[in-house]
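Chain IDs A, B, C, D and E follow the sequence of writing; residue 1 opens each chain.
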Amino acid sequence: QDNPKLEQLKEQGFARIAIANEPPFTAVAADGKVSGAAPDVARVIFERLGVPEVVASISEYGAMIPGLQARRHDAVTAGLFMRPERCAAVAYSEPVLCDAEAFLVKAGNPKGLNTFADIAAHADATIGAPGGGTEERLALEAGVPRDRVVVVPDGQSGLRMVQDGRIDVYSLPVLSISDLVRLANDDSLEMIAPVSDAPVYCDGAAFRKGDEALRDAFDVELAKLKESGEFAQIIEPYGFSAAAAMSTSREQLCAQE
Amino acid sequence: MIDWSGYIGLILQGALVTIQLTIMGCALALAMAFIAGLGRLSHLAPVRWLATAYIEFFRGTSIFVQLFWAYFVLPIMGFDLSSLQAGVLALGLNVGAYGAEVVRGAVQSIGREQFEACVALNLSRFQTMRHVILPQALIVMLPTFCNNAIELLKATAIVSLISLSDMTFQAQVVRAQTGNTLVPFTTILILYFMMAMTISTAMRWLERRLARGLDGVRS
Amino acid sequence: MEWDWEFVWSIMPTMIEGVKITILATILGSLVAAVVGLVIALLRRSPNWFISRPVGLFAEFIRGTPLLVQLYFLFYVLPGAGILLSPLVAGVIGLGLHYGTYTAEVYRGGIDNVPRGQWEAAKACNLNPTQTWLHVILPQAIPPMIPALANYFIAMFKETPLLSAITVLELMNQARSIANTNYRYIEPMTMVGVFFLVISIISVFGLRWLERRYGRVER
Amino acid sequence: MASPIIKIDAISKSFGALKVLDDLSMQVMPGEKLALIGPSGSGKTTILRILMTLERIDGGHIEIDGEQLYHMQKNGGELVPADERHLARMRRKIGMVFQLFNLFPHKSVLDNVTLAPMLTQKMPREAAEKRAMELLDMVGMADKAKNMPSQLSGGQKQRVAIARALALSPRIMLFDEVTSALDPELVEEVLNVMRRLAEETDMTMLLVTHEMGFAHDFADRVLFFDRGRIVEEGAPDDIFRNPKQERTQSFLRKIIAAGHRV
Amino acid sequence: MASPIIKIDAISKSFGALKVLDDLSMQVMPGEKLALIGPSGSGKTTILRILMTLERIDGGHIEIDGEQLYHMQKNGGELVPADERHLARMRRKIGMVFQLFNLFPHKSVLDNVTLAPMLTQKMPREAAEKRAMELLDMVGMADKAKNMPSQLSGGQKQRVAIARALALSPRIMLFDEVTSALDPELVEEVLNVMRRLAEETDMTMLLVTHEMGFAHDFADRVLFFDRGRIVEEGAPDDIFRNPKQERTQSFLRKIIAAGHRV
């Protein structure tokens, strides 16, 4: 099979992946080692494809696709959920990690914000979300005005901003929020999950348009992993459900509105 | 509680990247400062225009914008740069543009009579610059170069925004891992300050060394 | 990727929103810097060692460390101490404090340039220290400093993109938001660059005028 | 008999290792016109600057008009170093005119003269301006009241500086080589103003000068300084015609050789 | 008969609207010592600076040693403006000493003298230093060879500057008021060096000076300039004792009144 990109990766011996440092999707340990469910899956698959190493660089969600286009990364494995317009911009693999959306709010949810629509309806509720992430778009689509959607650089900042009352809601996938809450160990915070007006999303490894051959090779190995049960062994310790990922497909997710 | 030693190690790794960026950026900036600064004094109008365009462009647009441009736009246009290369390029070209004005100002601060003495001694333009003007101008430039180097050091912090794992970036990582903001940021503030002090101490030493020749302590 | 004019026009209104915040932050930051600089300059002249030295060290520290990290500090660490600043306020304070340490040097130079005879004449006229500063020293010291101050004003302007790191929705942040949601970097980033270039070319002429107007003092 | 308005008692002053005034004592009576002469570096300027509190003394006492200048009495009657408030109060009695005029360059001639009365004596603007115009008229500068200092010649500047010092109505005026920075043709206009001043007022005046002829006409008494000490003093005629000390004689010889009038 | 080494033909020079040299012609014979005198602003310095190519001429021609200075012959024989290479070649024949010495402050006395020979004539260091020491010895500065210029008095600096200009062995030396920035007591040491130079070498020398006495002793011929023209020229005795032109007479009268020796 003709796959120049893969040949190139094999030759250089590593693949450059973009991650977000948002546990449990992606994480960087104290020693600088990259872990998290998405990179772990990618590492195994690339290994099987004959690329022994993955080199991760941390990036904002918004910068991932431009970075891919700018050839800064060979793949994005970061919990970048599949959405139609993203499917149009990059070549996704089959689903890997699935998760619903969650809100982080002050204990007792003083403004009673349980859905994106609630936030839109409330006159002065503000929501924080990663720039260029799914949640930012969901909020905007639900009708929250731009000036009430605060772009937050990273999870820790978002947590901090809820604690400090700078924003009312910080939205991330369920597992990310629960990881933040666990780490913060702060009684004044509360998690709302899942958010009912947000669908369950799945991510996949994202490749540059034009690297479909590489993506297809990735898909083949991914399917083998899923079948052998190794897939569940990798992601379930992080709290993800392998069944969820296997019950849907790229085709469905990319069509989902 | 938190095992800080590992995280401090991470920050020190970042410090190495910051130092690397600063040194390479300064080297590029220094080269550009002399090329463009002397270019602006050239007899050839096109060279002068080119130097002026470079200087005004890089001083005019924000370093921030330049960095994002080098990182995201240049590759799309076909220039493949690693993030370190993009960082060094943006920092060096930006600070070099400021340095160019320093070089020009210092050369112009050397009295016209020195140039005339060189004409009377039949030195070529290059010899005049190399042996007479620049050795004197260098001392005038040094204090401002010192400031420029510190500006460059400080500017390296923004490469963290293009995910180059410098000191600021690693502090962010540590913050995300530990949930503690005060410790990593205070640590890097102190480290940055120590680096700045090192630069200014080194420059003062250099200045004294060079000024000695002019004072004529040599006998 | 190709340049897309239609896209440029569609994002123009959003960019202009950002421009407004950028300008607002610059103006407020300059006011803070002007005042902070004066305070630092005056305190550093204090005969009391316990005032002048710590203030001096503080100024050196601020000047030797990156604005970006200082902004993180103001925005994320201070709330831990119960000081909660809105993003814009934190940004303005950060800019003002940082540039205040620069303007302090300008003030110092301007004040030192007032001849000693003026202090003595003020004393012989029996003016008290406040009167001496207000009526004799500052009116003479400030006009020659105006070009240098304006220079820092422009420099600060070009550093406002840093405020995007603490969620201020200024020009750079708007551009990044647009890039994030549309996956297009070329147009918004280039527009930001062009915007800064235009402003700074205009300001070069403004500066020249200021230099002619205030650069020289008659004595 | 009146008591002295200035009483300097065994003061000394050093700059670093250099002893500039050495155990110096002198007294000045109210209304007296004193000329201080002597070679360069002998401490003449320093003594005026000390009286104006531009320098501090290292030891000794100075009494102005019966009050200590650098000391003040604590409740117990004990003398302690003066604080800034005491100094400010004492300075009201003294005015000084400098060699380099030191006009405020950013203020008009009139504002230069009105500034201090308005600020330190809370004089209303009209009153201050009326008085300033009288003084400017006296020094022949009334027509330049609206000018800026940079538009004036040296002699004119110095006359404004004299008016400015007079505006606070000090009891003692100090003049430090007020003509030595002027072009020769401008010296006379300033000296004329000072002559009138000496005749028309009963202010106490201390004058440092190298214009021996003027010192002779102007002064009631001449002090000859050398190396921080008063070597000789007396009536102008005695000092200039019959100096007793060898040092005074050689100084005057040199001055005459250099073409100065005596 | 020898042909002139400098032939200036109808040159003119303006600075903006100010015409500084006006249709000026003159010739200098090899070995001749020429003094250029005249009131301030008459163009004396300008003519030296033009010969040294520090200023360009607006019109006219200059021939040095039979070659055009500002023009060169193209293949066809046609005259075209000189390029930098031609100028550099012509400059080898000319040396200049400036009023303010213009020594290189970052180089020792010896290095000041050796720099140009080593760079422009590729002279090896030893040879250059040997020659430099001879020249420094001639101007009486050999013992200061290792000093920096900042450690020298004005007169010493000027003597080094003369040695530096001589190091390139020019055929023509230009001196522009080489003593006027010196303290009176230092003038003589420089003039002595120049006297020796005039006696011992057959260099052509052009000297601008206000020292009329020196000009008289030194020069074979004196040119009196006024407003960019040569008003009078002749042997020193004729010019200084019996000037024919009214302008020359009044200029010399003024100089004498100001106390200069003639």
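In the analysis below, a contact is a pair of C-beta atoms (placed from the backbone, for glycine too) under 8 Å apart; a residue touches a chain by one contact, two chains touch by 3 or more.
Because the structure is a prediction, the values reported are computed rather than measured.
Moving step by step between touching chains, how few steps can get you from chain B to chain D?
2
Shortest hop count from chain B to chain E along touching chains?
So the least number of steps between the two chains is 1.
Where's the contact count highest, between which chains?
Top-ranked chain pair by contacting C-beta pairs: B-C.
Find the chain most remote from chain E, comparing centres computed as mean CA coordinates.
So the farthest one, by centre of C-alpha atoms, is A.
What is the chain whose Cα centre is as far as it gets from that of chain B?
Between chain B and the rest, the longest centre separation is with D.
So, what's the distance in Å between the C-alpha centres of chain C and chain B?
21
Using mean C-alpha positions as chain centres, tell me how far chain C is from chain D in Å, no decimals.
Their C-alpha centroids are separated by 47 Å.
So what's the Cα centroid distance for chain A and chain B, whole Å?
Spacing between the chain centres: roughly 38 Å.
If you average the CA atoms of chain A and of chain D, how far apart do the two points sit, in angstrom?
Between these chains, centre-to-centre, one finds 84 Å.
In chain E, what residues contact two or more other chains?
Residue numbers touching two or more other chains: none in chain E.
Find every residue in chain C that makes contact with two or more other chains and list them.
1, 76, 165, 179, 185
What are the residue numbers in chain A that touch two or more other chains?
Touching at least two other chains: 60, 63, 66, 69-70, 153, 160.
Which pairs of chains touch one another in this structure?
Result of the pairwise touch check is A-B, A-C, B-C, B-E, C-D.
Give the list of chain E residues in touch with chain B in this complex.
Within the complex, chain E contacts chain B at residues 52-54, 88, 91-92, 94-96, 98, 100, 102-106, 108, 115-116, 119-120, 146-151, 164-165, 168.
Using the touch definition up top, name the residues of chain B that touch chain A in the complex.
Touching chain A from chain B are residues 3, 6-7, 9-10, 13, 71-73, 75-76, 80, 83, 162-163, 165, 169, 172-177, 179, 181.
In their complex, what parts of chain A are in touch with chain B?
That would be residues 21, 27-32, 57-60, 63, 66-67, 69-72, 153-156, 159-160, 183-184 of chain A.
Okay, in this complex, where on chain C does chain D touch?
Residue positions touching the partner: 115, 117-118, 120-121, 123-128, 131, 135-136, 139-140, 217-219.
Can you list the residues on chain C that touch chain B in the complex?
Residues 1, 60-61, 63-70, 72-73, 76-77, 80, 158-162, 165, 172, 179, 185-186, 189-190, 192-194, 196-197, 200-201, 204.
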